[in-house]
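Listed below are the structures to be examined.
Two complexes, one shared chain (chain A), two partners (chain B, chain C).
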Partner chain A sequence: MKHLKWSVAAVALIGWGTLASATETLTMWYHGAGNEVESKIINQIITDFNASQADYAVELQSFPQAAYNDSVTAGALAGNLPDILDVDGPNMPNWAWAGYMQPLTIDESKIATFLPGTKGMYNGKLYSIGLWDAAISLVTRKSTLEALSLRTPTLEQPWTAEEFEAALKAAKDSGKYKYALDLGMAWKGEWYPYAFSPFLQSFGGDIVDRTTYASAEGALNGDAAQAWGKWWQHLFTDGYAQADQDGADRDNGFGAGEYAFSWNGNWAALGALKAFDDTLFLPAPDFGKGPKIGAASWQFGVSAKSAHPEGAAKFIEFALQDKYLADFSNGIGLIPATPSAAALVDNYKEGGPLAVFFGLSNAQGTLRPVTPGYVVQAKVFEKAANDIAHGANVAATLDAAVDEIDADITKNNGYAAQ
Partner chain B sequence: MAGPAIALILVFVIAPFFLAVGFSFTNQRLVSPNPAEFTGLSNYRQLLGMGVLHLDPLKDAAGAVVLDDQGQPKLPELRKITRKNPDYPQFDGMREWFSWASGEGRTYVLACDVVFMTAIINTFIFVLVVAPLQGGLALGLALLINQRLRGINVFRAIYFMPVVVSIVVVSLLWSFIYDQREGILNNLLSALSFGTMPRVDWLGNPSTALGAIIFMSVWQAVGFHMVIWLSGLQTISPTLYEAGAIEGASKWQTFRYITWPGLRNTAVLVLVVITMQAFGLFSQIDVMTKGGPLDSTQTIVFQAIQRGYGKQDISAGSAISVILFVIVLSVSLIQRYLTREKA
Partner chain C sequence: MAQISQDNRGLRLVVRYTVLCLIAAIFSFPLIFMIISSLKPSSQLLADAHSFRALLPVGDISLQNYFDAFKRAPVALFVFNSVLVTGVTVIASLALCSAAAFAFTFVHWKGRDLALTVILATLIVPFETIAIPLLLESSKLPWIGAGGITWGWLNSYRVQIVPFIADGLTIYLFVQYFKDLPAELIEAARVEGASWFAIYRRIVMPLSGPVLATAAILKFLAMYNQYLWPIMVTQEEQYRPVMVGLQYFFQLNRAWGEIMAYLSLITVPVLAFYLYLQKAFIASIASTGVKG
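For the complex of A and B:
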């Protein structure tokens, strides 16, 4: 019934659009096909926008998330991109560099209060903006901390590397857990750089040297990175975490009491709260250069080929209203991009069960390297982290990763902006 | 009449092949604003470059060998030599592939791309194990079901079933079977051994992962080759078997002197097809292990796709495809030569 209603509405809109010749059609691609809640919210925004003015009519085409990036690449190669694109934050520089996207011109005052991770800046220009962000925390239980007599870390005073080590050791020695720490090794792909490269950055290393983005030498194989590698490997060799995890353990292990700590995102937080009333979401430990977690999620931007960039920007600006930010947060549990939107969401308003994530995202969120080469660097980092977890020689693995990243940068003429 | 077919083959087989050869000599990217440039053989050099290096132990001022913490002779650090060392430009960017102790020091075989070398070795291991095993098992099954028994079609259907199911689905199912904690294989082994056998993480352990994938691949495609053998078996004239029976031939003699010679051409076909399919090992890897753990299941095709598509480096992916083409072509020619009709 609902689908019928939508088709009727769509047909009506299209019909109306052809009648009123002044209306320009803007196409939009979105990654959320198959998610009913998400589709409903985005469709609501589009309907509201189309009703609010007569110049533009937005049309939505949804793709499954797993096929979305491939579709954009294929669409771009075929010269067939929509007006409005949806882009995963760390991919944006690659698409901007490749000429898929153009800078987004919206009023800066509109995004002044947005979380830093939601603003897609590249080469000093805004290309994309997110209605939400995601954040990671160290999930545990109050009773666990008490039983192991550990201090509760705070945003102002997170655990130091030593405290974190002591916590893991205490959890392991208690013998009550299968593993002290659930890192989510089961989630391959972007999870590795998103979740684990902030550890490396907290050690003082990085995936690539961000001052030049011309090489990873020294950043990914310098002393800080070697220290990270040894620490990362010891988590597995000392039995604190498992290098191979199956998906079911990742999804249910913490709730089943198999892990004392779980490194997981806000999207899993409600499940953890359901499993235990005393679930705590702790900030990332500080390994020397400050506590860090990954930032940036899906964002909206304007395709380079759009004939009506001002219309596309107008739509994106329209979507940035607090009520839509709140809708997305209520619907799929993401962190609303502004404090005023957070106040509208039960989970994220002051005192809400997930409010802590808003603070985490604001205080610890660190962007993944903002460079077109990130797409490749993420894969290289994933392999290196996985190999080290399985016992590969740390120095040799990091050297090889540096060589691969540097070779890729050279092959692309340094990813110079056009 | 053949027009449409030829056009399709031209567009989807011949043209991509020549494009791949062309791309492999450039720095073509999947996504890039830069035009591709001709780079000669650099992609091939980057993939196949190798070097041999012998390192002698460090000596102190008096000429005595320096020992490390474990009392072993201390060697110069390899990464100091292979990383931007102006004295050894020929080894720049190379990594240790394997090494052995020789004399007082160690001899290293270095490779520009250790992962690709590992992928080549793994693919050859896979082919060398799968080709005889799958061919032999398929023949055994074909002999078993080539009988006039009631309900034999049920068995034929059962053996053939894995072939019909998509390899992606089969791979997913087998990753559940191989699971360390809940996997049926571990449950079975532990029940059979009364709990004495430790639970193995079949796909997570570098020493078992490739074996696990080989086993599963043999099982999956064995039914297909069984059908080919079966068709071969059914072309053998029954009069030959009757003659054999009259002469009092034993079962083995019947097989050796009637069945096997009659299957000659089928055997060549099965061998060549299995070999070519085995060189293309990809789906199982992509679904089950992604080349890990520690590169123990890297394969040539997986690397080609990983680089060409995942890392957006079409030129390197193309170069790998060309190398694979040369390998498969040479192996097929050798097979043709060895199985030729001797005049």
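For the complex of A and C:
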């Protein structure tokens, strides 16, 4: 009898141990360290997920955004990647190509209504999905448009190139502003391709030829690109915008009345609304090939080295619930990925002060080139746009940029699958 | 004649002190701006940035930015990590590099000059070029701890310390300094039968205060300002140093007041360390011509 008791106890212990070890730990890296609101929401999602099932337990490691990409690259080199990663949309193809990420297997019917910019597709496969998107608008005031006798552009009928030019000229001639247009030249890095390459695309050019992704020839130095370059340069030479901007002017200039128009993202929209009760968020002008703004923000994906990709995908699918999309939007002001989530957010529901951004993202959002070479092309474009803004010869600068991009593509064997 | 000479001397003094005050002002402006700005709300900080008000504690002054900085990031942890990593590295580096320099200067052995040349040649190799090989190596090294043998040094203090203990510049500083010490002292000690280690410990090191201070300050600054290596090897927050922590404050809508508060906090250990060693540092510069 005594032996039986011990045997039962031993079996129970072994059984308990087996059950306990059945919970697999999934590690997750996220770029939001230092953002209290964002950290709180992501931690809540993880807590909810861990409590909702017994198969997996997600453990979070947050990184400051500026150090995140380098940390992931170092982690990949050292073979130390987590199961779940978040990735900035335009970087995803590079990480997929480099073998940091694997395709994301989630029920695609669940993302059918997601904004196009939130879906990270590469080579026909879904690699990442975003809980939000970001959008840019031309911020101004109703009173400014009235004072300058300008038509209010709409999504259906945005300003043409000529109308935009006339608006800048009217603002400059009024003498009321330090500069007619705040382009955010104080911000560097990804801001340039995100905010300014859509102008180039609206002219009909692009950073790289998207039909093949094998060259930038013709796309970045063809007639359309040359026209963009000349237009871009004249903004500075004609005194509509400043090529060098103080960070303080970027942060406070529009609110202080220094600019008639500001090219800025939805993350700064609440500040603009607070500054003026007649703030308007206008769509991008149409320079000939349709009005365009940048799309794709941070997204979740599964690392290539994950031993539990199904668990990682399960977590990501769990995070796609409208309530979490709404929480992120309420917390950090970004655009909820679905119309049903937008309806839960005061700022983005129909009639909400930022609802216009949902429409902008849906109608004008344009992905940056979906190629592994983008990480290099973005830097080349940034340098070219900056040089042209500072007076460099347009044709020579764009030709040089094309050469640099093409050399990188050649060096990487066309970024063919590894 | 004597009056003119007196006047000239007075004028020279006025000019000298004016120039020195101007230089002192130029160097102290950033520090004053940082500390004053850390007491202002971001909106006021930006509004004052283009005027002399930026250097004056006027307007809405409070310690709120400091409280907010501690809420945003584990500031005390980052400062502790940096001080620990820097402190251990500096002490270990002074011990190891001075011993190496001693061997290069006073002990005659085969291949000594070639070895020193190779070590000095590493001065021209930027860290960025060896960062990736070092990362690959560090991620596979063994370590014996409480839990037995583990593989990989990532996410630890040792990975931030060990690769930086020995370096060409510190060895070079010691070699240059040791060369100026009277050779007779060493020879006399050898004649008396002192061991090399006794000479190093009882004669050479007690005479090396200035170079120890210089090497310590240079190493301290290099280690305390580490950024690239820590972001490559510390995926876990608990091991991150202050410079990685600074990035916690660069969000989309930047809280400049908090950034200034954080910078003020992390500058304190550097200033304290420098002030502690200031006299020896200046004496070393005067004697060796080495600038920090």
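Keep this in mind: the second predicted complex is superposed on the first by the 399 of 418 C-alpha atoms of A that agree within 3 Å, B and C clash if a C-alpha of one lies under 4 Å from a C-alpha of the other, contacts with A are read in each partner's own complex, and residues count from 1 in each chain.
Methods note: a residue touches a chain if its C-beta (ideal position, glycine included) is under 8 Å from a C-beta of that chain, and two chains touch if they have at least 3 such contacts.
Quantities reported herein were computed from a predicted structural model and do not represent experimental measurements.
Trainee: Is A:Gly34 touching anything from chain B or chain C once the two structures are fitted on A? First, second, both or neither.
Mentor: The answer is second: A:Gly34 touches chain C but not chain B.
Trainee: Could you tell me if A:Leu273 is touching chain B, chain C, both of them or neither one (first, second, both, neither)?
Mentor: A:Leu273 contacts neither chain B nor chain C.
Trainee: Quick one: is A:Ala392 in contact with chain B, with chain C, with both, or with neither? Answer first, second, both or neither.
Mentor: In the superposed model, A:Ala392 contacts chain B only, not chain C.
Trainee: Look at A:Lys379 in the shared chain and tell me whether it touches chain B only, chain C only, both, or neither; answer first, second, both or neither.
Mentor: Once the two structures are laid over each other on A, A:Lys379 reaches chain B alone.
Trainee: Kindly classify A:Ala407 by the partners it touches after superposition: chain B alone (first), chain C alone (second), both, or neither?
Mentor: In the superposition, A:Ala407 touches chain B alone.
Trainee: Figure out whether A:Ala248 sits in contact with chain B (first) or chain C (second), or with both, or with neither.
Mentor: In the superposition, A:Ala248 contacts both chain B and chain C.
Trainee: Please indicate which partner A:Ser62 is in contact with in the superposed arrangement: first for chain B, second for chain C, both, or neither.
Mentor: second
Trainee: Can you give me the overlap between the chain B contact set and the chain C contact set on chain A?
Mentor: Shared contact residues on chain A (touching chain B in one complex, chain C in the other): 246, 248.
Trainee: Under the definition above, what is the set of chain C residues touching chain A in their complex?
Mentor: Where chain C meets chain A, its residues are 43, 46-47, 49-50, 71-73, 132, 135-136, 138-139, 152, 154, 228, 231-233, 235-237, 244-245, 247-254.
Trainee: Help me check something: in the complex, which residues belonging to chain A touch chain C?
Mentor: Listed in rising order, the residues of chain A that touch chain C are 29, 33-36, 61-67, 70-71, 74-75, 77-80, 246-248, 251-252, 267-268, 271, 332.
Trainee: Taking the touch rule as given, give the residues of chain B at its contact with chain A in the complex, in rising order.
Mentor: Touch residues, chain B against chain A: 27, 29-34, 46, 79, 83, 93, 95-96, 114, 179-182, 201, 203-204, 206, 290, 292-295, 306, 310-313.
Trainee: Touching residues of chain A toward chain B in the complex: what are they?
Mentor: Interface residues on the chain A side: 73, 76, 94-95, 97-99, 188, 243-244, 246, 248-249, 375-376, 379-380, 386-387, 390-392, 395-396, 399-400, 403, 407-408, 411-413, 418.
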